[in-house]
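Shared between the two complexes below is subunit A, which has subunit B as its partner in the first and subunit C in the second.
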Partner chain A sequence: MSLTIEVTQGDIHVTITLSGDVDTKTAPDLLSKLTALELHALEQLRLDLQAVEFVSSAGLRAIVFAKQKMPHESALYLIGASEQIVDTITKTGLAQAVRIVNSADEI
Partner chain B sequence: MAGQELGSIEAAASMENWDKINDFISELIGQSIANASRGYKLRLASEELVSNIIRAAGELNSGEDKDISLQVSARLEQENGKSWFVVKTAIMVGILTHILVGAIPLIPSSISAKERLAAWGFSLLSSRLIRLPMTGLMNIISMSCG
Partner chain C sequence: MEFERIDNIPTETIEGYRVRPGKPLPFGVSSVPGGLNFSVYTSAGTSCTLVLFSRSEASPLAEIKVPDHYRIGDVYSIVVYDLDYEDLEYGFRIDGPFEPERGNRFDKSKVLMDPYARVISGRDEWGLDPDWSRAYQYRSRVAFDDFDWEGDSPLEIDDADLVIYELHVRSFTKNDNSGVKFKGTYAGIVEKVPYLKALGINAVELMPVFEFDEFENSRIHPDTGEKLYNYWGYSTVAFFAPKAGFAASGKFGMQMDEFKQLVKELHKEGIEVILDVVFNHTAEGNERGPSISFKGLDNKIYYMLTPEGYYFNFSGTGNTLNCNNPVVRNLVLDCLRYWASEYHIDGFRFDLASILGRDPWGAPLSNPPLLESLAFDPILSSCKLIAEAWDAGGLYQVGTFPAYGRWSEWNGKYRDTARRYLKGDDGQLGEMAQRVQGSPDLYQWNGRSPATSINFITCHDGFTLADLVSFNGKHNEANGENNSDGGDDNHSWNCGAEGWTDDAEINSLRMRQCMNAIGVLLTSRGTPMLLMGDELGRSQHGNNNAYCIDSEVSWVDWSLLESNRKLFEFTQSLINFRHQHKCLRINRFDHEGSNYLPSCSFHGTKPWEVNWSAGSKQLGWLMSCDDEATGHMDAVFVASNVAHYACWFDLPRLPDEYQWQLCYNTGDRDSPSQANPTQYHENGILVGERSMTIFAASPRET
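Then we have the complex of A and B:
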């Protein structure tokens, strides 16, 4: 399944809305979009995963990449991730580095 | 242990076939494992395995004339009253190998025995190529369907 990526610039945050699978084949596209952002100066990054069915280790690496490039006090939100994706993120320990919310209203 | 073959696929181990191979596994997982969490975990493991094999095949093949293909098969196994979904991968490597054929009749008889031996060895190395298929690594991953 392909991956659609939409980047929206807010006042203090950037929202990346994803649709499809984030896997070995599509994760480089996400990484490319993340690299194009000025992550080092970003207060808040929101990854909207409501329309994402699958995130492989390559997808997790892209999320880790973003978090590592962002300032220490910044926040990376994962919005609307499925139960399976949250389970993977929790088991890999990545949940300690990101904030998992069900919808953007919770931010 | 009773088993039921679900299908198999073989394709060149390259990113061009990544979708084809992963779609094949995902579809069978979707058909055979009702539990979404178990199916997702098996898909994670399968995707990782296939991606690693394709990546390794790319590195193995860099700069060399090898023909590497990936064979993936899936089956259902029954063990101790439980049903297991089993994914098996095998790597097939065809290597272009020098075959030793001589040009011994062309070696002049006037040269010394030592020179004849050297010329003989050289003629053996001046060879044509044949393809020798080899069976390589095999991986098996499984997940309970229950």
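Then we have the complex of A and C:
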């Protein structure tokens, strides 16, 4: 399954909307989109995962990578992640690096 | 002036992959700019091929024969560029002679696992039947450390202050009634951290978590049809990899993160993590076993072999790792350093550790280099090193294990003495007195301390506490070996009926005996260790060797928390009591006691007078020290009566400014733990049949 990645620039934030599966094959695409951002100066990054069923470990590592490059006081939101994705993030200790919300309205 | 580095440029292309000679250290896989460095040791192999796979694919992606000039000494190393390491699995083919009589078992048709692999795939989900048609079963993967520890580091709790809780990762939360979401996993234990914290223990000792194969020797029970597994996992496949099947995220290959998260969450609550490690043998078995890694890499280096090339079997499981060979010694050191630094592990318990002190021909060494190296290693210097100081080859070293001032021991003599004493055997008082004060008979003469002794009455091997007081003999039929497996020297007593009974008196006695056992354990000097679930009265229905059982028989039944609430509360309270009373945790045999009382003294029904004769069944012990923080004396008096009749104990007199408070009385069926102990006005106490009372001194209010 393929992954489409849409990047939109907000006033202080960037939203990346994903659709498809973030697996071993597609995670590098996400990583290259992330590295293309000015992560070191980004205050807020929103990853919209409402249309994503599966995120592999490579995908989760790309997310962790982004957070570590962002300023310390910045925020990384995961929007609409499925229960399975949230579970994996929680179990593996990545949850403390991100903020999990159901929709962008909660931000 | 700065030149561009040229030490990292590919020098040639093999099979379409850009490569260059690698660095021999570190062994295994390491990351270099743009590529991965692979390094593997073989002293007698004649060529090495790196085999690359795409994740989960049966056939290789590529086979890169490492050019001979890439070999330095006995180490082949190669850098391969442009690999997608999230998708990569790899192994090695080593060519060389197949001449078992000379110890060599090379077979280039086999793909071998990297002994330094940090993640293994192939058994990603527990109990999922493997595809045995695949030639390469346990597949090395690449992993790097990007876990956010948030400032965590090992806790370094004083050995004498530990209360250890031994647990099996899957058994702890697998039961439907565990109340956790991720049952039977590392993440499941995280959900139970509040329980462990409330219980008061400050270390968990995890039964094996290095990657093992639950399907090794798995079979169907001939009568019940139940599937039997290598459930406990005392048979290592990969020493550097956490067991994927114990991780809820194992199917995503994220077991490293999940295990680190467990360590971090336990540390946050002040609980150390000790790993039960198995270096005495591997999952490769004897000459009939599979070639997973060592056997095909360098059989005669890694295993102890007879002159005819057969495997020595000091472990009772097929082979014996050749731990005092310098190469193997380094592997063990590298492994433990890795777990201590990468996973923040606080200590290690070595299964059948006496094997680690044997020379390559099996003879016990007086100064075993491996044990010495571990004791003085700079990275392991704060790690607890705990030996199971015996092996299956007849070496029993409790009290004589080469300790170098660092090693402590599972004290098997504590277990046996306490069991005999508690069931009222004749002639146990003298030895029980030794065990209670930290076993000076075993450890004082050689300059060791009470905390050298890991005191326990039950552990994964043998009966659970509830079974110890409910069964005279083992009932291991469920293991499918006609009840011939498991030990027969259980020193157990069923209290009047074998197995479950409706007899209220028997059940009441059993509950009391459980409390007596926990009472003795937690008021002894040395480091106490509890077996998971014993605080709940967990039973394995008389099975004293449930190594192959993956069912409710071995899983903790959390409904017991309600039905055996009193036992839980008693254990919880007494652990807290131990933490409160320094005098129980004194870690010196030459400690002089408090201003008023000796450090440890023994008493009978009359203070300061013990009847040491064989038929005597009453023993009291009084421990004392000065508490520098408060300026007060700390003193605890235990009066235990293992006779089948009640006995009056006169209490030892305290100085005028102190008074006794009765804190526990296992003979008090309704309230064995006194919620708010108050001044005890009598000069003595009637200690009921098979009961114990515990008093603490408190300053008299003026």
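Everything that follows uses one rule, which is that the second predicted complex is superposed on the first by the 107 of 107 C-alpha atoms of A that agree within 3 Å, B and C clash if a C-alpha of one lies under 4 Å from a C-alpha of the other, contacts with A are read in each partner's own complex, and residues count from 1 in each chain.
We adopt the following convention: a contact is a pair of C-beta atoms (placed from the backbone, for glycine too) under 8 Å apart; a residue touches a chain by one contact, two chains touch by 3 or more.
Remember, it's a predicted structure, so these values are computed and weren't measured experimentally.
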{"item": "Superposition-derived comparison: subunit B or subunit C, residues of subunit A touched", "value": "C"}
{"item": "Touching partner for A:S56 - first (subunit B), second (subunit C), both, neither", "value": "both"}
{"item": "Which of subunit B and subunit C A:E83 touches, first, second, both or neither", "value": "first"}
{"item": "Touching partner for A:G93 - first (subunit B), second (subunit C), both, neither", "value": "second"}
{"item": "Which superposed partner A:A27 touches (first subunit B, second subunit C, both, neither)", "value": "second"}
{"item": "Overlapping contact positions on subunit A, where the subunit C interface meets the subunit B interface", "value": "24-25, 56-58, 87-88"}
{"item": "Subunit A to subunit C touching residues, read off their complex", "value": "24-25, 27-28, 56-58, 60-61, 64-65, 68, 87-88, 90-94, 96-97"}
{"item": "Touch list for subunit C against partner subunit A, complex", "value": "55, 84, 86-87, 146-148, 150, 181-182, 185-187, 190, 247-249, 252-254, 257-258, 260-261, 264"}
{"item": "Contact footprint of subunit A on subunit B as seen in their complex", "value": "15, 18-19, 22, 36-37, 40-41, 43-44, 47-48, 51"}
{"item": "For the subunit A and subunit B complex, residues of the former touching the latter", "value": "23-25, 54, 56-58, 83-84, 87-88"}
